[in-house]
Amino acid sequence: MAHNWNLDQVVSQLRMVRTAWRDSQRGNSERGDRELPSPEALRDIITHLRGALFPMRLGPADLRRETEDYYVGHTLDAVLNALWRQVRLELRYTARQQNDATEHEIDARAVDLVRQFAAALPDVRSMLDTDVLAAYAGDPAARSVDEVLLCYPGMLAIVHHRLAHVLYQLGVPMLARLVAEQAHSATGIDIHPGATIGRGFFIDHGTGVVIGETAIIGERVRLYQAVTLGAKSFPADAEGNLHKGQPRHPIVEDDVVIYAGATILGRITIGAGSTIGGNVWLTRSVPSGSHVTQAQSLQERLPPASGE
Amino acid sequence: MAHNWNLDQVVSQLRMVRTAWRDSQRGNSERGDRELPSPEALRDIITHLRGALFPMRLGPADLRRETEDYYVGHTLDAVLNALWRQVRLELRYTARQQNDATEHEIDARAVDLVRQFAAALPDVRSMLDTDVLAAYAGDPAARSVDEVLLCYPGMLAIVHHRLAHVLYQLGVPMLARLVAEQAHSATGIDIHPGATIGRGFFIDHGTGVVIGETAIIGERVRLYQAVTLGAKSFPADAEGNLHKGQPRHPIVEDDVVIYAGATILGRITIGAGSTIGGNVWLTRSVPSGSHVTQAQSLQERLPPASGE
Amino acid sequence: MAHNWNLDQVVSQLRMVRTAWRDSQRGNSERGDRELPSPEALRDIITHLRGALFPMRLGPADLRRETEDYYVGHTLDAVLNALWRQVRLELRYTARQQNDATEHEIDARAVDLVRQFAAALPDVRSMLDTDVLAAYAGDPAARSVDEVLLCYPGMLAIVHHRLAHVLYQLGVPMLARLVAEQAHSATGIDIHPGATIGRGFFIDHGTGVVIGETAIIGERVRLYQAVTLGAKSFPADAEGNLHKGQPRHPIVEDDVVIYAGATILGRITIGAGSTIGGNVWLTRSVPSGSHVTQAQSLQERLPPASGE
Amino acid sequence: MAHNWNLDQVVSQLRMVRTAWRDSQRGNSERGDRELPSPEALRDIITHLRGALFPMRLGPADLRRETEDYYVGHTLDAVLNALWRQVRLELRYTARQQNDATEHEIDARAVDLVRQFAAALPDVRSMLDTDVLAAYAGDPAARSVDEVLLCYPGMLAIVHHRLAHVLYQLGVPMLARLVAEQAHSATGIDIHPGATIGRGFFIDHGTGVVIGETAIIGERVRLYQAVTLGAKSFPADAEGNLHKGQPRHPIVEDDVVIYAGATILGRITIGAGSTIGGNVWLTRSVPSGSHVTQAQSLQERLPPASGE
Amino acid sequence: MAHNWNLDQVVSQLRMVRTAWRDSQRGNSERGDRELPSPEALRDIITHLRGALFPMRLGPADLRRETEDYYVGHTLDAVLNALWRQVRLELRYTARQQNDATEHEIDARAVDLVRQFAAALPDVRSMLDTDVLAAYAGDPAARSVDEVLLCYPGMLAIVHHRLAHVLYQLGVPMLARLVAEQAHSATGIDIHPGATIGRGFFIDHGTGVVIGETAIIGERVRLYQAVTLGAKSFPADAEGNLHKGQPRHPIVEDDVVIYAGATILGRITIGAGSTIGGNVWLTRSVPSGSHVTQAQSLQERLPPASGE
Amino acid sequence: MAHNWNLDQVVSQLRMVRTAWRDSQRGNSERGDRELPSPEALRDIITHLRGALFPMRLGPADLRRETEDYYVGHTLDAVLNALWRQVRLELRYTARQQNDATEHEIDARAVDLVRQFAAALPDVRSMLDTDVLAAYAGDPAARSVDEVLLCYPGMLAIVHHRLAHVLYQLGVPMLARLVAEQAHSATGIDIHPGATIGRGFFIDHGTGVVIGETAIIGERVRLYQAVTLGAKSFPADAEGNLHKGQPRHPIVEDDVVIYAGATILGRITIGAGSTIGGNVWLTRSVPSGSHVTQAQSLQERLPPASGE
């Protein structure tokens, strides 16, 4: 019932391909032990953090208010220990790339970083409460604040983002990315962990939303599915070379609503209180209180403008 | 190997944030015990229901026709007991919000509801058989009806929807929503459980499809990826206030095909047998047998039309 | 705590619906034992293949270079045995549909097929190395080649695709489809396993990308989210009947970049080195070195052109 | 690959046997729903209780002293909720047998009982500390008190017993029995949960030890494998009818040592400080400070020996 | 964090040892594929069989009488399929040892064997009901027949034995042995699957009980811990060569009670209604109604008795 | 559905008991982090080692001879890494007790120790092969050498012992003890890891066997259930103080058979080729070729014999 797959040959050819890769990378990759963070570990960490942040709604079924601090304390303890191991892996990986820092320094830095992450959690919960209220207010179909937290993919995305953003700011961008990609996979909402997002944020439906690394979003902003807040990489930049770190994504001020399919590109500003219609393509700033519809935006683009 | 995360302080700050939230909600949320339905439990219920509906294709590997009734009967028994517990949780939750009904009444209502759900299953299977045939007929690449059921994300979405729709109609919208969101997460297809969908429905590719709560879809309708059947929330309604329950999504009559990226908004009617081209933006009813292409729809929108 | 769900009646009605289905299919479906491949088995196979292809980065945490061949060899052995069982299921299923081949012939063909699959793995790894480098070069935010492999949904999609494509070519399209749909579900990127894709391929963000069965993509091509390489099914073909197998999707030559939301339909050719702008709708071939923007493509479509 | 097992006939015959059983029991058994406690649930409860009692040694690997109260509190909360459900099952089962008490009364009694169980835990831990020290002192091979707790089957047996004994005293003898049998299965040591055992108790090796329901064991007693403290059921009692509840097992006073294979039967007293040799058969009380060897006991038994 | 264990050398030395073993066995062992039955598979089979035999007491928590046939039918279907695979493994293994029978014949024999096993289940249940009643009657501490079934190790042992005995009689002694050893491991009761045991059998405490292959036990027999029904292998047989299959263990007639530690050796007969005292050593038949105590048996053995 | 268990009070009382314990132990126990080895980790290690030692019989079902080295190599790699972590925990624990050695020295010692353990495995396998043959030869009921390895509890015990003995000799007695106790729990056979046991060792039935730390057993020795090779702790040593490490258990020379229930105590020698009858109690050396029966031994013990 078992067969011969010419394994020896396949194994040896795979070894040759690996060797060629390693030689070509001159040690940029796969040096010594495998020391990359673990997506599975991150997934568990986030699941338990969600429970610790919202114990009576996302925690264990039997919990009561009288004893929730025991649950929160113990869960955080386990989660932060696990996170510390992942942080250490990323810091060591980065140091290996750059040949700096001793192992001892890294471990100490990891402890410090996790402590700061822990200290940020109350603020994260406080922000997320405003997001829950925004979703409840923004969707006439929502029946309760609890349903929003339990069911809405937009809530899942923002919970992951607010945690990923803390990790990003503390200097572990790979962990931040892994957290963000897990929300991306579950919801189709792709928020770069570097994006800055104010209180009361709400994304409805959400599939296809993309928010770039240097985007800045104010308070009480609402987005629908397939909205892009991207970089104007074309045709402005003919070589296709973006310089990392430079501000290149939109600034969206307070109380803006952006409907489904709108594409907003470049370091432009959408003034406070504006509404951007569905499928609008926008590459210029608009003042506060603007109402931009697809027709207008088409007109903007069609006139003399040969090449946009 | 373990470190001090200032846990006592973090735990106490989190408690303060929770207390603030609870005070602000004056009991709308997190009252007493946690009593929200469980997404994980729903996931298991749907997985087993799929097996019970299609025992020889989605059931256990060893099954034979001679004994499939045992499998179906036992699986349904376990699933309906599990569903009953979730139904009871949602009914209790709702009653708590509204301070009505005794626990005893709720339990009885839950039993009745699950019995009706069970009684609806043969019809659901019968509908799904027409969906399988529609997918097989609609996709030239499909090799067999079984491959469609096993592999196509559009089939997964419609299986979930037909079950979620029954739950929605029976009065447990949060459970219905959880079922719908699980398909949304797996397929990128977002069908509100309230939507009414006729026999022989097929969605190809599917990522980015959004179908709203009051949409009504006839028989033998076919959709492609990124089609939206949404509410015309803008600019018609300047305050952004939709009234829940009012019909606000399209009516799509029998034998309509809608190609990828088309956006159809508002309580309009797409006449029977029409085809709507890719990326079309449509906010007006069209008669039976219409062929709408993007060019046409752009023309509709570009003219004098100041505000659309 | 347990209740009566009128199970006998539901079970018997479900049996009647199944019988009706089977009669209507006259044996095309569900014949005798259940013999369809298992999505769960495929999922495990791919997970372990990813580890065997990239042992130090996607394999077990403790692995060292000294012993990775043991890991690769043992993992491949287990994976190929498991794959052989799934291949046999699909071959038997197909033979049952066509009433050809003895069980003995099928088993031998399955062994041969898996051996060829194994022999293709070193090439697959070699191709994927070029994809990793392309992603690293193409995204200014990428910090290392390892981060790309670990975190990017586009990498997940191409790993699945390159494996699915081998299965497709070897004659097990249902297995190929299952592998492809798992990537589709996780990333929102829908690549038909039949598509031919050259070295150094990169998809950024990715949600909503659709690549059709007969698409041919050259080397060093880069795509962004929501790009469609589809069939021009409308309005050219009024009956909506596509003939399976005929070339009907685009050819994209080397070094092309296609920005988010572009829709490219039909058997047209995008010349080498071209860039296609965001949201462009393109149904005509363009020569090498073209720069197509939305404005241009709108102009193409808006003029006299009554019907496109 | 699947075969016909004449299932319909087997199922119907099994039903007939069940019906015959139920008729013969006239409702003593299997009435209505299944409501027996769950051995698996008890197993989990005891595992977690062991961790809560000895957090730094049997709890989770990462625990630190600073945060162990969170762990202890949360674990106890979950464990006591789970225990309450099992207690309720046994109380309902018993009430059903006796047709007394309303469901409401039972639930309240269950709450009260679990609260008393919780209150007894500090004493249990305190007793167990003396057992650990006794084992450490009694076995020259023991290297540390921690090794004793971690490795010794005698420790496992006494931990289970002290918990089972509390359950027994509180009036849930079936739960107590399940806890005791789990230790019996793991260690071969069979201690009836009704047995009364003083501080500093140690069993070495342990396989085959049997301690009866009404046995009373003083402080600092040490036993070896295959020791029986049983009832003198033969030949004194010709009908073989023991009356439940009557004292019928030995009293072993403080500081007694009983070597392997000794059999001590009936309500006799082993005086303080005695040592009983290996394989001794003893059915008469012995005064404090006795040294009983097999030879002596054989002599007792061989003569005309009216007694025994 | 990972180290070099000189794996290549260890692996190659282990290979040499395996080769030496295989050479020494000239193919009696480990020929080609591994084809031994799986202890884990057997464990699952027995667990589910226990549920199918006693659905309301050992089956799933939610079961109700109305639907237990679905559970029983489906569970048996799955269990018998799984058992068939194990039976086939043993039959193939045996045939390989003896070079007889084609694979096709073996598969057919396996089907037939499992069908007979299924047909025996109602009788097994019926026998076990008498065992439950015997335990309830025999132990004054037993509170209900259900407690006996749920908690008593003696019941676990007899459930395993009655199933193992059917397998033994049908010609799969290795499977029978595996089932028996699982009870042995859990209870310390070692009953050879060949032993013949009548209705109403009860073992109390049980640790250390050994019952040999050709033992024959009548109805309503009761044993206590550490009773041996063994072969008189010493000194009667100087070469220590027992001939397999020959009757060599005791016959115990109806209504016999044997107290703890009694050792009964050889093909002797214990007459109906006898009682054998604790620790008695017996190698001669005794007539019906005998009462044998240790003193008596010692006297029998001590006198002139040159050698025994 | 959740209740108040006065948790705060229970938690605080448990803390007080822990504090009292720690104070009383002045740091002998529970210092700082929990650093004891993990029984669960050891269990997995042994399970995988058994597979690596006997790949075609205890390894994965699909294995073939062609590829077993991959399996053996990869399994050993994972197992030795896991073992190294447990070794380090015990070495650190011991060093903490004794305040010697730096962490760095300990880690290096752990590496060295595991390397020696690995190097011993081929010899262990070779020894076990002789044990398998001994069991096959010694039990007329054994049908094949493979059945012995798969089913016999005596084989399980000796596999564990030979591995535990290597660990014991290398200086990690707590790990050795954990391995031994797992066999003890599964089989009722209690072999101290310090015992020295020659080739071709066989224990039949086994429940209740006890073999002490300094026992020395020659080649081809066979034991039956409930045999004790213990220390003569009584009455020779009135204070009950045994000095650890001193030889105090029997020497059993080659080709000895010891029947069930025999008790052999003290540093005596059983001469080569002797047979010791069932239930014999022996505390004096016997020359080679002795046949000792219970009657004889009783006679030895019965005479005037004041003290024994």
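Should a chain be cited, it is by its letter among A, B, C, D, E and F, assigned in written order, with residues numbered from 1 in that chain.
We adopt the following convention: a contact is a pair of C-beta atoms (placed from the backbone, for glycine too) under 8 Å apart; a residue touches a chain by one contact, two chains touch by 3 or more.
Keep in mind that this is a model prediction, so the values were computed, not measured.
*Asks:* Shared interface numbers for chain B and chain E above half of all numbers used, same, or below, different?
*Replies:* Homomeric contact, same residues on both sides for the most part.
*Asks:* Quick check for you: after a Cα superposition of chain E on chain F, what is the rotation angle, between 0 and 180°, in steps of 5?
*Replies:* 120
*Asks:* Is the C-beta contact count larger for A-B or for A-D?
*Replies:* Of the two interfaces, A-B and A-D, more C-beta pairs touch across A-B.
*Asks:* Of all chains present, which has the mean Cα position farthest from that of chain A?
*Replies:* That would be chain E.
*Asks:* Provide the C-alpha centroid distance between chain A and chain C, rounded to the nearest whole angstrom.
*Replies:* The answer is 26 Å.
*Asks:* Report the inter-chain centroid distance for chain C and chain F in whole angstrom, where each centroid is the mean of the CA atoms.
*Replies:* Distance between chain centres: 54 Å.
*Asks:* Of all residues in chain F, which are in touch with two or more distinct other chains?
*Replies:* In chain F, residues 1-4, 7, 11, 33, 60, 62-64, 67, 69-70, 72-73, 76-77, 81, 188, 207-208, 226, 298, 302 touch at least two other chains, as defined above.
*Asks:* List the residues on chain C that touch chain E in their complex, please.
*Replies:* 1-4, 7, 11, 62-64, 66-67, 70
*Asks:* So in the complex, which bits of chain B are touching chain E?
*Replies:* That would be residues 60, 62-64, 67, 69-75, 77-78, 81-82 of chain B.
*Asks:* What residues on chain E touch chain F, complex-wise?
*Replies:* For chain E paired with chain F, touching residues are 2-11, 13-18, 20-21, 24-25, 28-30, 32-34, 36-39, 93, 97, 173-174, 177-178, 181, 184-185, 188, 190, 192, 207-208, 210, 213, 226, 228, 230, 233-235, 240-244, 263, 265, 281, 298, 301-302, 305, 307-308.
*Asks:* Within their complex, state which residues of chain A touch chain B.
*Replies:* Its residues touching chain B are 52-53, 55-57, 59-65, 68-69, 72-73, 76-77, 80-81, 84, 111, 114-115, 118-119, 121-122, 125-126, 129, 140-141, 143-147, 150-153, 186-188, 205, 207-208, 225-226, 257, 259-261, 275, 277-279, 291, 293-295, 298-299.
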